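Look at the two complexes coming up: chain A is in both, with chain B in one and chain C in the other.
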Partner chain A sequence: MLRSRHLFLLPGLLALLAIILFPLLFTIRVSFSSWDVVLHAMDFIGGSNYARMMRDTRFWESLVRLVAMSAISVALEYVLGFALALLVWRDLRFKRFFRVLFLVPMMTTPVIMTVIWRTILHESLGPANHLLGLLGVAPVPWLSQAGAAAASVILVEVWQWTSFMFLLLLAGLLSLPREPFQAAAVDGAGPVRTFFSVVFPMMAPITIGALIIRLIEASKMMDSVYVLTQGGPGTATETSSYYIYIRGLRDFQIGYASSLSLTYLVIMIVSLTIVAKVLGRALLGRS
Partner chain B sequence: MASLYRALKAAAILAWSAFVVAPFLWALTTSFKTANAVTSGPTYLPWLQYQPSLEGWRVLFRSYGQGIDIVGPYLSSLFVTVTASAVSLVLGTLAAYGLSRYTYRLGFLGNGDITFFFISQRIMPPIVLAIPFFLLLKFLGLLDTELGLVIVYVALLLPIAVWVMVDFFNNIPREVDETAMLDGCTPVETFWRVILPNCKPGLVVAGLFCIVFGWNDFFFAFTLTFTNTQLLPVAIVALNSSVTPWWSLSASGLVSVAPLVGVAVVLERYLSRGNLAGAIR
Partner chain C sequence: MRLTRLALTALLFLGTARGDEWSKKFPTIKGDVPGPCSFEATSKKSYKGRTLSIVTHAVPVMGEPTALHAKQFEELTGAKVKVVHVPFGDLFQKIMIPFQTGQNAYDVMFFGSLWIGDFFPYLEPPPQSYVDMPQMQDVTRNYKGVATWEGKMVQFPVDGDRHYLKYRADVIDNPKLQAEYKKKTGRQLRVPQTWEEYDEIARHFNGWDWDGDGEKNYGSAEVVARDNLMFSAFISRVAPYAKHPAVKGGFFFDLETMKPLVNTPGWVKGLEDFVKAQDTMPPGGNNFGLGEEIFSFGGGQTVFSYSWDDAFVQAMEPTSRIRNLVGAAPLPGASKVWNRKTGKWDAFKEPNRAPYITWGWTSAVTKDSKNKDMAFDYLCFFANPANHASDLLVGRFGINPYRKAPDFDPAFYVKEAGWAAQVAKTYTATLGAMDESHNRVFDLRVPGVNQYMTSMAAGVSKALAKQLTPQQAMDEVAKEWTEITQRLGPDRIRKAYANVVALEDN
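Let's turn to the complex of A and B:
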């Protein structure tokens, strides 16, 4: 029987199921077909796509690269975001102005800011090398050398998303109760001790939440790569999403790309679940 | 010691502020340059280092062909973002209220699992959905239309709305509902007359998150539209080619991110009041 309580849940649940379920089931089915630009057909070729995937070193390398780039980005964002949140948490002149300013990057469109960063990092016409030159630093091949290109992607990610980490951690800091700080002050604890024995432990649940949220978003990294380096030089900055995009929507190997996407999705879910468990055990002392 | 500490603190704040502001200042000065001013190397100060020109800004409002015409994509972006956010907010708020107040059973799945199902959709990489969405919209005849994008964006934004609102409702005591019911309200009346009017902070925050993530999406707009419908990020990134017009690129970029700075101001207000904390735990 349809009761009023169903009126609340069902519209949203059905809408989401309708939009998400078809793509997922379709992807599973297509991943067992040879659908490509020549043959638009849902034939059945068994696990050939998956066998091809196992031999596709470019895919596995893109996964390793994605893990490395997102782990470095999120770690930097966490340290910087926490530091910034602590800086504007308490008494400070123009506190609210700086809070707004630090929130701005996450509001701005990533691809558009990345396009602007691309002009900044332009090797001969951009200000980055010009300003470094004034300090006597040799021009950096920001986008044309493998290591520097990966660092550039991370730089742009950190610029964009530290503010999201900042938002989550500042919201957490502002929700902490006051009493433990008063107790610490009475005991004569300095700022460093207070941080490590009061603030950090109390922030543990928020730390875990914020890290997981950002890791989830970072695991999809591709917009900045597309705009900044197109995966290059060579495949030096190619993330999994970008590689699947090339196979699926550029080469139109729908069947093969579907098997890659499913594998990618499963690996992401499994590894993020493990990361969440490990973080929980390390920071909260429970599993 | 204390003054050294304060000086270090101020230096850190100013250093990060400079890093945050740098791309905007660079885009601002670049937007007034001509092709010659750009190709002669990096300069920063108008009049002193280069002769400023309004050309970069003027082309934004010329029709396609002689210029870039940013007005059309701007309106499309606005329409798609607002519609998808509104739909997500309505559906998400209803679902979140249900999940917070009633017990549901879906086979062996309970409330916690259903909430997790909603929120876990954020883990789905866009590329996994892009290919089937492409074929689905093609089948429905909605490829390259605003309606098609609205449908896709609802799937993207609904989890955000549910995420923020479930937590918000959980923080409203159940006694509020119970009192209203005792006064003779039906469940729907309770929600509409008693709970919803008290939800403004939650609705604003959820709505803003939807708008930010909708307005900023590039990938779906890029893969699911071509010529008839063009959203702002796609129109601007299209300028990013081998001969990039840095001046109009900068101008259009600034115009398109400007409204979102307003979002930061509003969000900070709610943040400072402590309305944002619970959802993260």
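Let's turn to the complex of A and C:
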């Protein structure tokens, strides 16, 4: 009986092994090989790739850049997403229309939308600078100056993914019980007080979930960088995923790119676990 | 000789006349041209029940003619042709992974000719009967060289690429603007002979509306975006400073020692010019990829541009507002050239020119293909004279001159494309002269060329973004190149690089 029960689990386990574990184990194996454009044997070179990675300042710089860009993007998405969710949570004319409208960016294809953003931000032919010109504002070097280029990537990320934050937070708001709000109203709390003392604490679990999901996604920031700036100017917008893409698929340094990917994965797992704990302590502790 | 010419003309005429039935069935051609891979000859082959697999670039550049000729080949031979279109960024790995893992994924591949060093072990050389065909014999010296590795032709030529200068003839040849320029600078306004002159003229015409359309114009449109073929633009700027006609034995490396030369003064001077040139580019021009460069010059925004044919072809489109107002010229030269043997700059009375034969689409058949006969017949059909003459005229196809006829005949462009005679003359003369040069520069073409080029692009980009000085940037590139060579094997790279040096040093 016990044996037949285990047999039922077997297809699922095999699928799990094939889909998740095999590629991961294979990547680990490849990361210890010199698989390259000319050396495609699955040899064993010990930790050479990892030693090289430790000296690779471009990789570490891209990681720091990624942390900064994803943290700023997700923070902005959270603030904007929460504001929009609060807006349509209340009684508002055309509430249904706005709910759908705010979800549209998330439903578009990231690469296509980034191409459109690149056109909008084109410095001499794009509408962004044209509109600024009508207002008497000097053209902005959106994609050709380090700071502005990083801001442009963040802008596109925020535009695309605020909807996702909005969706999660609106679902959270709609599931909140009515009683605490009635109690706050009886106590004479105004909207600001109600938000900080009732809504925000009750939304803490949803907030943590939304932030972590978006941080996981933002840590893979690649499409927008690839299309908008290709990591430039210089290396000003080069994120880890884009750098690994260059090393792996452009340069065809498969062994080395695997070691970068694994290190990046471990760093992300550890850091996001810490972030989740810190957020939990900060937000749930208060609630 | 005269008799041969007469016979060839008669054959061509006869072929065109006979080809009418084929042009009715396949309206993209003007008429069939007799030959071993003509429409008629191909129609006599039967590949019914067999499938040919092709990997090529995305539509339209090279992808569209691949698909078009695949469909025609299907109709003529009964074969089934599967065409896989891949975006440029994925093309290398889409081809390389099946090679390395031993999968026989494709019979025919279209790819960048500079990857010859990487793909060479997996390619089937065209049989001698194809190499001897008139259409192949008509391929010019540059592109026979590009298709050859270790003394053997391994690629099947389908395109010819090179960098050259494109300029606004209505500006450079305009007497009023010439007088103004002379008054302001004391110098003659002419097609620039050196990069310094290019910069002077670009600065003069930067930031004001010199064509009277109510929009500001600019000096120079260039390919500057880091991972978007910028390395080619950079090499164009470096070549005349660093390719000394009297110093043989390597442009990228010293072939004897395999020491990178990329941080020598000639290269650094080219980068300094490139950094300076950003002042003369349109707003956002220092983030232009190839597409933006094409539309900037092709759209009439700048006085100069240099890269492949695309921007020129864009400017010559029938709907272009600058149609027939452009000209082609060799890349600017340099009045001083770094001599790495003496460690000094050598002054040149006549500017040193170093034509850069860069990139170019090519094709090949895989060694493991089980359909080699059909694969070579397809490629031969793809490039037959009737298809070639028609493809040359479709700008978006990305097929540019590489055969003696009709590619370098100005009358062809005047008659078939409606170009002004002067434009056609500058175009064919510029392109044709590159075949005559004895100071040519080719792409690096060694195994791992992408690693070297992405490393160089990153260094150059840091200098352009002023994260590093040009010397610091190129020192960083040289260090990385040494590491790459060590990793890939100095002997392997030297042996491969000798093929490139052999092309350049003659």
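The rule is simple: the second predicted complex is superposed on the first by the 270 of 287 C-alpha atoms of A that agree within 3 Å, B and C clash if a C-alpha of one lies under 4 Å from a C-alpha of the other, contacts with A are read in each partner's own complex, and residues count from 1 in each chain.
Here is the rule we go by: contacts are C-beta pairs under 8 Å (C-beta built on N, C-alpha and C of every residue); 3 or more make two chains touch, one makes a residue touch a chain.
The structure displayed is predicted, hence computed values, not measured ones.
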Which holds for A:S124: it touches chain B only (first), chain C only (second), both, or neither? both
Could you say whether A:I244 touches chain B, chain C, both of them, or neither, answering first, second, both or neither? first
Once chain A of both complexes is superposed, is A:P139 in touch with chain B (first), chain C (second), both, or neither? second
Looking at the overlay, what does A:S219 touch: chain B (first), chain C (second), both, or neither? first
For A:F8, using the defined touch cut-off, is the partner it touches chain B, chain C, both, or neither? Pick first, second, both or neither. first
Can A:I269 be said to touch chain B (first), chain C (second), both, or neither? first
In this superposed model, does chain C or chain B come into contact with more residues of chain A? B
Determine, under the contact definition given at the top, whether A:G232 touches first (chain B), second (chain C), both, or neither. second
Using the touch definition from the top, say if A:L101 reaches chain B (first), chain C (second), both or neither. first
Let me check the overlay on chain A: which residues of chain A are in contact with chain B and also with chain C? 124, 249
Quick one: in the complex, what on chain B touches chain A? 5, 9, 12-13, 16-17, 19-23, 26-27, 30, 38-39, 41-42, 44, 91-92, 94-95, 97-99, 101-102, 104, 114, 117-118, 121-136, 151-152, 154-155, 158-159, 162, 186-188, 191, 212, 215-216, 218-219, 223, 232-233, 236-237, 239-240, 244, 246, 249-250, 253, 256-257, 260-261, 263-265, 267-268, 271-272, 274, 276-278, 280-281
Going by the contact rule at the top, pick out the chain C residues touching chain A in the complex. 89-90, 92-93, 96, 100-101, 118, 218, 225-228, 282-287, 289, 292, 296, 301, 447-448, 450-451, 454, 458, 461-462, 464-467, 487-489, 492
Over in the complex, which chain A residues touch chain B? Could you list them? 4-9, 11-13, 15-16, 19-20, 22-24, 26-27, 30, 80, 83-84, 87-88, 92, 96, 98-113, 115-120, 124-127, 130, 159, 163, 167-168, 170-172, 174-175, 191, 205-206, 209-210, 213, 216-217, 219-220, 222-223, 227, 240-241, 244-245, 248-249, 254, 257-258, 261-262, 264-265, 268-269, 272
For chain A, which residues are in contact with chain C within the complex? 34, 36-40, 58, 122-124, 129, 139, 141-144, 146, 149, 226, 229-236, 246, 249-253
